[in-house]
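Here it is: the structure, laid out below.
As written, the chain order gives the labels A, B, C, D and E, with residue 1 at the start of each chain.
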Amino acid sequence: AGLDDIKKRGTVRIAVANEIPYGYMDMDGQAKGMGPDVAKHIMEQLGIHRIEWITTNFGSLIPGLRANRFDMVAAEMAILPQRCKEVLFSEPNSSYGEGLLVAKGNPHDLHAYESFVQSDKKVAIMAGADQLEILQALGVPPERMVTIANNADAISTVSTGRAAAYAATSLTVSELASKSDKVEAAAQFKDPVVGGAPARSWGAFTFSQDSADFRDAVNAELAKFKRTEGWAKTMSHYGFSPTDAEESFNKTTEQLCAAG
Amino acid sequence: MNWSSYMPPLLEGAWVTVQLTVYSTILGAACAFAFGMGKVSGSRLARGVSVAFIEVFRGTSLLVQLFWLYFALPLLGQAVGVDLRLPPVVAGTLALALNIGAYGAEVVRGAIQAVPPAQHEAAKALDFTPRQILWRIALPQAIPEMMPSFGNLAIQNLKDTALVSLISLGDLAFRAEQIRNFTQDSVTIYTLLLFMYFGMALALTALMKLLESSVGRWRAGRS
Amino acid sequence: MTQDIIRFDRVTKKFGELTVLDALDFSVAKGEKVTIIGPSGSGKSTVLRILMTLETIDDGVIHVAGKPLWHEERDGRLVPAGEDHLRAMRKEMGMVFQQFNLFPHMTVRRNITEAPVHVLGLDKEQANRRAEEYLELVGLSDQADKFPSQLSGGQQQRVAIARALAMRPNIMLFDEPTSALDPELVGEVLNVIQRLSNEHDLTMLLVTHEMQFAKQISDRVCFFDKGRIVEQGPPEQVFSTPREARTQEFLKGFLSPEPH
Amino acid sequence: MLLGIEWDTANNWVFAWSILPILLKGLAVTLQATALGFVVAAVLGLVLAGLKSSRSRIVSWPARFLTEFIRDTPLLVQLFFLYHVLPEYGIVLPAFLTGALALGIQYSAYTSEVYRAGIESIARGQTEAAHALDLSALRTFSVIIVPQAIPRIIPALGNYLVSIMKDVPVLSVVSVLEMLNVAKIIGDRSFNYLIPLSMVGGLYLLLTLLAAAGVRRLDTRLPKQGLPLR
Amino acid sequence: MTQDIIRFDRVTKKFGELTVLDALDFSVAKGEKVTIIGPSGSGKSTVLRILMTLETIDDGVIHVAGKPLWHEERDGRLVPAGEDHLRAMRKEMGMVFQQFNLFPHMTVRRNITEAPVHVLGLDKEQANRRAEEYLELVGLSDQADKFPSQLSGGQQQRVAIARALAMRPNIMLFDEPTSALDPELVGEVLNVIQRLSNEHDLTMLLVTHEMQFAKQISDRVCFFDKGRIVEQGPPEQVFSTPREARTQEFLKGFLSPEPH
């Protein structure tokens, strides 16, 4: 939907995928996370005062945008060239590296995505998440990947041995690790190297193809906000490192969409 | 966290589940009568349409229907230039109603056909028209016959509403998943969830029994 | 006999391979009381059901009250009867079934008034008066507000007779009206039929196994076997001095066995 | 690429043709889950039916409650329960087995009724006649009741086999790669849901029509009066 | 009378609230042929079913062949009967049901031999000879290899009689053996029972509505109403000059109605 439509309606529909700390609903039904917090600020600036939050599976975010089930996604979805063909991205709002969730004590001694290329251990990924592309690029055979529908399933998947590890972003991993003492973040994690550079993702807001003006308006406000102390505080509040914050300025969406 | 703190969101979800069940059961009953009577009607077209409807919605899995309505239908709409993007509530209610309606149509058909041929003959001997026989003799006798099966279908429908959580509708199952995402307290949440569905099913059963006895009062003296 | 109100001319009826009526000639005079007897499967019910147009015929002609039952004249030619013609013909007749076939969801009163109101177009009050008249006749004035399931078999059958009479037919067809009854209830139904048989205008066609009763009320008894009339005549003759071997054999089954 | 097979999005027909082998692999999983779930349901249902008909209330009452409880709660929630709660108590089953088990448990509530109804439908007169002839309880059950109950039980079980097959897609929530899950993943990645989901619907329709014809045929072949004992 | 082979002393039977037998006293001498008549629901079947131990009783004592039916003596004390005692008592009796209750999945021969082989322990050949003997008696020697569904109702009932006789009981119980039959088939079954009634050793207890037949074969007729014996005596007396008003009323239902 265009910016005018949304302003006329006075309500914007924003989707999250229930991933802590990127975008999630807490028990009281309040939207939280890096995406929602920044989105709330921007909507305020744009004069849109009502936000309808929608929770959906990660895999349904892009189809939902295309089906006009919501106007915007605030899930810190990584900007990837093939996604750029389907939807519009704002400029990066964050940046994050990869991580690996393993069982307590790391019994299989796993420290890198590359471990799964040779060994017979299975690695879990979330349906629709970009870890699939990374693992594929590294040459991990498909039968060694277990697809789960939800971040929430990761702890039990790993702690019960249904998969040896869960490949996700470093923030997701440390968040999950903090919730249960049956799992931990793999220590001395080696960033996967794809196409000659360590894999790093740039998260952004996502829009449908016909919402260019809305995206541009968000971009303008985002650029302003990223220069403030408020943005940096939000980053660190949700566990992003200073490096993550710096990196988020180093690439533009245009560059990221053109790569690969 | 203890279980009592889960209750407010779960009750909210349960309310959504109740609404979904009620709306889709009512809509489903309408489908059931339309297509069930269509299947026994004299018109070949009505019969064909009814048979096709019943076979398609009984023959494919409910979850496939739900996903199809939610994910595939918008693309079909795009291809033909119509906006068929259904909001989750509509897609969910529709999928449940169509599915339960197809099963219900067979119940309606069965009950109408179970009215003894002798009743049709007696009515014909009294010179009623075929239309009068259907509306005055066959249907009033068939409806109490349908009630037990409708009761079972309503319970089935209540259970099936859990599937709409998979298209992000905030029903009971969905809210439970949300809480688990937060707390990872699977044991408490799923146990609560099972008993809440059980309780709703018991209430629904009691309601259907009440309805059943009120539509079939003339059968009371039957041995 | 004055005039045939029912006439079958070489009527043949088949169910698939099975010939149930075999070129049957049969007629009934106005006001005549005829009893049909015969073994199971001999086609007794079929004769009544054909008259009531509950079954079609395969060959032959039937006249009821001087008009062809299954044909009507249009533009001087005989064409297959339309629904209007059939309904007009059915108005001549009332039928009482072995299993009563009351409408279980209607009170006794409703059972009797339903057709007069919706077929004959009587208003409700007229129909109710008529119902009371016939309930009186069958001795059930006090049961008008009960449902059929609250009555004994004998009472149900008497209601069924009242229901048929309320349409004021010229011909009454009875298909084994007492064989679904407990033996002690048979008498009350036969009593009602006996009373009707005194109406000189009413033509009666009765299928029964109550030989004693048949003897008392009928002007004529027809013995059916394999879709044909084997023997017919006044009851005294047929029961006491049957001419045909088949009739003798059949009647023997109803007499008490002799000690051997 | 999925399950080692690439797809081709050149046009709709090519796309449909290229994902068919992937869907068929999913179908194989669907059928395996159906078969396993059915076996569990058939056996567990028999156990439940036995317990429910026990003369001792301490046995029959809990069995009755359990049947009612299973019947009145959604398969999805039962599946989540088995998948997430059992591991808390050290029982870790692979997703596929958990799924088949959940199907089996859900349907055991129904099959137990099939057994009970099949046996009770044998006219009371049959048991009484056997009793009057002084046949032993064991002989009455095995020679009089069972041969007459089997032809009534089998078609009903057949119908539940078909129902189980239609419920297999629910297992996708615990990442079993059955047919619907495969189609959904293809959709997630190709952003074309219409073709894979429609194909799944078509395949299901085909399967259930075949199965229904099979059950009907079975029904006409089984003698109505019981398996003849000569 | 020589000696009571069946004796009911103040036997009471209830179904829930309903008292079906009400402190019933009733006895049958060895070799006696007794017919029970009475309205529907009066407890006629219940008497036979209790004898066959298909129903339990709530109060009173029953003796069969001098032994208590529902009790046995153990260590000089009367205790509730065990299964062994009940089986021994049941051996005294054979029962024929209204609905025949043949085993539909067994041939006629197998229907008759099943119990002699598996209960009495006869070998197959002996049992087959016995089956032939009784099939001869009921006139069905040529039907041994058919299944019940291939026989007429009258033939099925005759097989059921042969099946009961093959256990060589001293007492035969018949519960309306002809009321499920087409009227013309009644004679053949009554014929068989008539023949049995000439066996002076066999005690017979027969519930029937065939008054004519009851008159011929029975030594005594008992009229039941509401779980009590209202009147009993030789058939001529009960049928021709019933003493009780209730009996007269009941028997009236069986007579043809008089014209009014």
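Just so it is clear, a contact is a pair of C-beta atoms (placed from the backbone, for glycine too) under 8 Å apart; a residue touches a chain by one contact, two chains touch by 3 or more.
Small disclaimer: the values here were computed from a predicted structure and weren't measured.
**Q** Which groups of chains are still linked by touch once chain D is set aside?
**A** one piece
**Q** Hey, how far apart are chain B and chain E in touch steps, shortest way?
**A** 2
**Q** Have a look at D-E versus A-B and report the one with more C-beta pairs in contact.
**A** Here the pair linked by more C-beta pairs in contact is D-E.
**Q** Going by the average position of its CA atoms, which chain sits the greatest distance from chain C?
**A** A
**Q** Measure off the straight-line distance from the CA centroid of chain A to the CA centroid of chain D, and report it in whole Å.
**A** Result: the chain centres lie 39 Å from each other.
**Q** Using mean CA coordinates as chain centres, what's the chain A-chain C distance in Å?
**A** The answer is 84 Å.
**Q** Roughly how many whole angstrom separate the Cα centroids of chain B and chain D?
**A** 21
**Q** Pull out every residue in chain B that's touching 2 or more other chains.
**A** Only 71, 166, 177, 180, 186 qualify.
**Q** Tell me, which residues of chain A touch at least two other chains?
**A** 60, 63, 66, 156
**Q** Listing for chain E: what residues touch at least two other chains?
**A** none
**Q** Touching pairs of chains, all of them, please.
**A** The set of touching chain pairs is A-B, A-D, B-C, B-D, C-E, D-E.
**Q** Mind pulling up the chain C residues that touch chain B in the complex?
**A** Within the complex, chain C touches chain B at residues 49, 52-54, 87, 90-91, 93-95, 97, 99, 101-106, 114-115, 118-119, 147, 149-150, 163-164, 167.
**Q** What residues on chain A touch chain B, complex-wise?
**A** It is residues 18, 20, 24-29, 54-57, 60, 63, 66-69, 150-152, 155-156, 179-180 of chain A that touch chain B.
**Q** Quick one: which bits of chain D touch chain A in the complex? Just the residue numbers, please.
**A** These residues of chain D touch chain A: 1-4, 83-84, 87, 92, 94-95, 172-175, 177, 184-185, 187-188, 191, 193.
**Q** Could you please specify the touching residues of chain B with respect to chain A in the complex?
**A** Per the touch definition, chain B meets chain A at residues 5, 9, 71, 74, 85, 87-88, 166-168, 170, 174, 177-184, 186.
**Q** Mind pulling up the chain E residues that touch chain C in the complex?
**A** Against chain C, the touching part of chain E is residues 39-40, 182-188, 190-191, 194-195, 198, 209, 212-213, 216, 250, 252-257, 259-260.
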